[in-house]
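The following blocks contain the structures, represented as structure tokens.
In the two complexes below, chain A is the common chain; its partner is chain B in one and chain C in the other.
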Partner chain A sequence: MKQFSRLHPVVLFFYFCAALGVTMFCLNPAVQIISLGGALLLNLIVDGKPKKRRFLPLLMIPLGGLLNPVFSHHGQTILFFLNNNPVTLQAIYYGLNMGGTACAVLFWLSCFTQIMSSDKLLCVFGRFSPKLALMLSLILRFVPLLGRRSRESREALQAIGLFREDNFFWKLRSRVRVFFAVATSALENGIIAADSMEARGYSVGRRTAYSVFHFSWADGVFAFVSAAALGVVLIVLRAMQLDFYPTVTLKGSPVACGVGLAAFALLCLLPGALQGIAGLVRKRNIRRSLAYGKEAETA
Partner chain B sequence: MSFLKAENLSFTYPDGTCALHSANFDIDEGDFVTVFGKTGSGKTTLLRQFKPQILPNGTQGGTLTMSGRALASLTEREALGAVGFVFQNPEEQIVTDKVWRELAFAPESAGLPQGEIRRRISEIAGYFGMEEWFDKKTDELSGGQKQLLNLASVMVMNPAVLVLDEPTAFLDPIAAADFIAVLKKLNRETALTVILAEHRLEELIPVSDKLLVTEDGSVKYFGETRDVCRRCGAEYTAFLPAAARLFHALGETGDCPLSIKEGRSFIRKYKNNIPPEAEQKALKAAPALEWKDVRFRYGEKTPDVLRGVSLTVNEGELFCLLGGNGSGKSTALKAAAGLLLPYEGSVKVFGKPLKKYKNGSLYRSCLTYLPQNVQTVFAHDTVREELEEVGADLTELPLDWSKLLDRHPYDLSGGEQQLTALAKALAAKPKLLLLDEPTKGLDALAKKTLGDILLHLKQNGVTIVCVTHDAEFAAAYADRCALFFRGEAVGDDTPRAFFSENRFYTTAANRMARGHFDGVITVEQAAEVCRKNGRGDA
Partner chain C sequence: MKKRLLKILLPAVFLPLTVVLGAVLLREKYYAFAILAVLLLTVLFFYSGFERKKVTSRRLVVVAVMTALAALGRVILTPFPGVTPITAFAALTALSLGGEAGFMVGSLAALLSDFYAGQGVWTPFQMFAWGLTGLFAGLLAKQLKNNRVLLVIYGVIAGVAYSFLMDLWSVLWLNGTFSLKLYAAALVTSLPFTIIYAVTNTVLLLLLVKPFCKKLDRIKLKYGL
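Let's turn to the complex of A and B:
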């Protein structure tokens, strides 16, 4: 068994696209609840000890419920009037649903940033275009370098009296100076980088993109299961949509919707379950393997 | 037939200037060849002939062949496996964000399949001992590690010839020695042909098979190491190791000593009846710069980098701070320049605490500081604009500026960049000059120019504090030295007392003379005392 976060980056990327896509384009509170549950579960397992402010986005749900009826006055069931405008039950439902969608998307994105390191993202892009992956890698190298250079230049200019913050005029002049120093160094030293790339065969011909990730059977199984679940959801997607106005009604048959929700639940809960269970199994196996060594010592 | 053969090799820029003319040499497989020469003598142009992919615009004349095939006629793919090239600046030639991606760059370019790349980079990382930092970001590596990575990411294509353009210029002495040791290991174990241009020749010449000296775009000397060391002209002796410099200073003939060991037996051919002259004691003067129990750390929970530095530099002194990497010497200098605020202790400049200098008055007619990387102070397209920006007075620096003024500061040699930055810093007429590693990447002649300028400034009443790794420079020019260790300044003393008490952190001349002439720290002193005593076997 392989932990979710250790799956092949392409599989992970596909998975996040699927989960996010369905969450965003399916208007159905059950979908949002399932999605939110899956994302929260994964978040808790990946993060270990999440801080309280991590859960702040949950406030978006009541906020949506409060705000939507102020702007939208559709819906049949009028609860009361606010400034001569009707506040309807359906508008509240819709607002809660929108808040839920936004919240679920945020939690999925939070999982995404925690799991998809720059290495993994570059592996995904490398599949499409090795040149693009290289370009991104160059940028990842270059941006922190520029930051450090500008700090160095600022210090150097300050210590020969060319960076002063006495008044607005000096401030502006000093900043411009640092900018030019950094720009010059970036351009001039860029020539060295170009030579270094050329000397290592940059223009030989078609590049390949090397990555440290292997595609194993576990990746295949996970990809297959999640693709199948996504397939089912997509087939019945229309049936799963809700109309909120004038009354809350299901567009398709309840059976189709039920099948879709079951498939979506499988899709959303899979990573959390896999991460948790595989993590526990791994921990137990490690403990067993360490104990084995100790037994041999005492024997 | 020789492995690499140059016949009438020349190179001309489109504007007609000839950067290299009629170069002839033969290099055998497995040779370790060191190239040196004055700044602008055509070393880099010569080295780039081996890698036509990175030649600047211009025309090549004559031939340069490898096993009979002209290097210029190789396809890009063949060239990738034939010649590897490592550049000077460790930082700028790294192009990707992760160590393993940098290693994979060349095989990716060659379009090798995944499995092959994995095997190659694993093997190379193992050979170079990079497992520990294989997954790191390239940004987090030390200078020595960066240059090792550059070497490894070239060696991953298994070239037959390795060409390096001053690869250790930016490294501290320990990292440089490690790097050379790795090169020598590659050369010995795999018969890799190594061609290397370098300024730092003390350790390099004794391990080289052949030397090539360039002068004005042509090959002045080429041959076996010992032979070239013996017959090279007086203007090149400054480049040689201390033992060979002593040999030339004494006008000896016969076998030229190269290593410290050979130097020690060479020096013992002289009698030691007359001891070296005693040193004059430094005069007591008012303090120009004082650190008092200075403590500093970079992060809230990281250990102290400065652990109570206490040190006084007197007016009119040239003071050198020596010490290993991470010993805190550069940090101490930055604290003195007011770029850092110590959390404990105080720094006083001319008796006045730093915080009393308000609104940058510290940097006006009082103190200036130049960092290690002097390029950071350049922001214009020509040296002239750089100097006009601050209104620098060129007559203060005894130097011929006419050739430099219209050039781009980044096109200057390391020594010229250092002097330009120095001129820029001196425009504020400082009484205290703080320099971080001013001799980094400088050849012997540029070091001498810089040293003489510093002495000239000192005579005009400027107090100078240098952080340096360069024991030879400190021995020749400093009035006092101090050693930094674990964030403290220890053992401040005159260079002679300082270096003759140290056994490892000392100059080559001292290592050779120790036990025979105690207290000798420069080759000049050694030559003088040898001359006075005369040869024992004569």
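Let's turn to the complex of A and C:
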């Protein structure tokens, strides 16, 4: 069993696109709730102990419900009048739904940020655009390198007494001095790096991308299952849409909608389940091997 | 010249126009996503041009260094909300190396610093906004380089435009449709941020323009970029 976060980057990217796409383009509160549930589950499992601040986007749901009726006056059921403008029940529903969409997308993206690290993204995009991938990996190397250089430069300046923190003016001046020193040296060293790239055949022939990730059977199975679920959802997508104005009505047949929702639930809960079960199996195996070790010791 | 003009007009004028027209005229619910798609396409359009072009390794690395400096600056300055050096760096790069390099610095710095600050649906918007800042600075390079007053005006306009664009995004994102009233409300609430953006841009541009143009021009002269 493979954990979700260890699947092949292309599979992961496809999965996130599918989940995000359906969440964004399907106007149906059930879809939003399922999507939110799946994203939250994955978030909790990947993150372990998330901070309370991470759940702040949930506030977007009531915010959407409050804001939309103020600015939109479509809908049949008028609740009351605000500044001579009708506040309708349908507008509140629509606002809640939009808030739910926004919130679910944010949670999916938070999973995306945690799981798709920069090396995985490079693996995905390196195929399409090797030069851009090269540029990105150069920058990704430069960011920590420049941080290190600025520490060194600061220590050197401190040693000769030019880096002082006596007052605000000196603090600022010292930092600016470090910054300029680092910028100049980075540009100069960059040229050297470029020459060394050139010497190793940068401009000779077509660039290809190297990837450390291997496509295993687990990746294939996961990709197949999620693609199948996405296919079902796409076939019945029109039937799953809700009309909010003038009254809330389902566009297609309830059966088709139910099938679509079931497929979407499978799609959304799959990674959380996979990550959770694989984690539990791993823990059990570790416990067993520890117990076995103890037995061996006492025997 | 004609080709160049089209290349500039297409992403800088027609696409935003499509976005605004689409938001006002269309009676559908998915502008936010349509716009997201348009922005991603625009950025990809630029990147594909970059992919096809023969870029010397020296130029590539210099642009990468400037992007890294911008991204690092944003990461370091995260404790101060609204203060980011990306606009300034995109513009500075564009002054010496041209608009396309400026676009690359602005958009890639946005993308990469969001690895630290958190990726989101706003990432394409930031990439687009900061990229354009660099592109326009490249177009006006001659004037901006020699005139401090114009530079200040540019910094202020870039900050205000960035804030307006991001507010457009928040309205579409929360509401699903464009609403002028909601947009106005969003503009008013984000006024402090608009001011911070404008001030940061101006101060950084004024501080950095001379030393950085000197550094980049020197590298250009010394190594022939």
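Keep in mind that, in the parts below, the second predicted complex is superposed on the first by the 243 of 299 C-alpha atoms of A that agree within 3 Å, B and C clash if a C-alpha of one lies under 4 Å from a C-alpha of the other, contacts with A are read in each partner's own complex, and residues count from 1 in each chain.
Going forward, contacts are C-beta pairs under 8 Å (C-beta built on N, C-alpha and C of every residue); 3 or more make two chains touch, one makes a residue touch a chain.
Being a predicted model, the structure only gives us computed values, none of them experimental.
Q: Does chain B (first) or chain C (second) touch A:L140, or do both, or does neither?
A: Once the two structures are laid over each other on A, A:L140 reaches both partners.
Q: Have a look at where A:Y202 lands relative to chain B and chain C in the superposition and call it first, second, both or neither.
A: It touches chain B and chain C both.
Q: Quick check on the superposed pair: does A:L157 touch chain B, chain C, both, or neither? Answer first, second, both or neither.
A: first
Q: Let me test your reading of the model: by the given contact rule, A:R53 touches which partner, first (chain B), second (chain C), both or neither?
A: neither
Q: In the overlaid three-chain picture, which partner chain does A:R288 touch, first (chain B) or second (chain C), both, or neither?
A: Once the two structures are laid over each other on A, A:R288 reaches no partner at all.
Q: Per the contact definition in the header, classify A:F112: touching chain B only (first), chain C only (second), both, or neither.
A: second
Q: Pick one for A:A102: touches chain B only (first), chain C only (second), both, or neither.
A: So A:A102 only meets chain C here.
Q: Need the overlap of the two footprints on chain A, from chain B and from chain C, as residue ranges.
A: 118, 134, 138, 140, 145, 180, 184, 188, 193, 195, 197-198, 202-203
Q: Give every residue of chain A touching chain C within the complex, in rising order.
A: 24-25, 27, 60, 63-64, 67-68, 71-72, 94, 98-99, 101-102, 105-106, 109-110, 112-113, 118, 129, 131-132, 134-136, 138-140, 142-143, 145-147, 176, 180, 183-184, 186-188, 190-191, 193-195, 197-198, 202-203
Q: Would you tell me which residues of chain C are touching chain A in their complex?
A: Spelled out, the residues of chain C in touch with chain A are 29-30, 33, 47-48, 50-51, 54-58, 60-65, 67-69, 71-72, 75, 104, 108, 112, 115, 118-121, 173-177, 179, 181-182, 207, 211-212, 215-216, 219, 223.
Q: Can you list the chain B residues touching chain A in their complex?
A: 51, 53-54, 76-77, 79-80, 84-85, 87, 89, 91-98, 100-101, 104-114, 117-118, 121, 138-139, 150, 153-154, 157, 334, 337-339, 359-360, 363-364, 367-371, 373-380, 389-390, 408, 410, 424-425, 427-428, 434
Q: Over in the complex, which chain A residues touch chain B? Could you list them?
A: 118-119, 122, 130, 134, 137-138, 140-141, 144-145, 149, 152-153, 155-162, 164, 166, 177, 180-181, 184-185, 188-189, 192-193, 195-212
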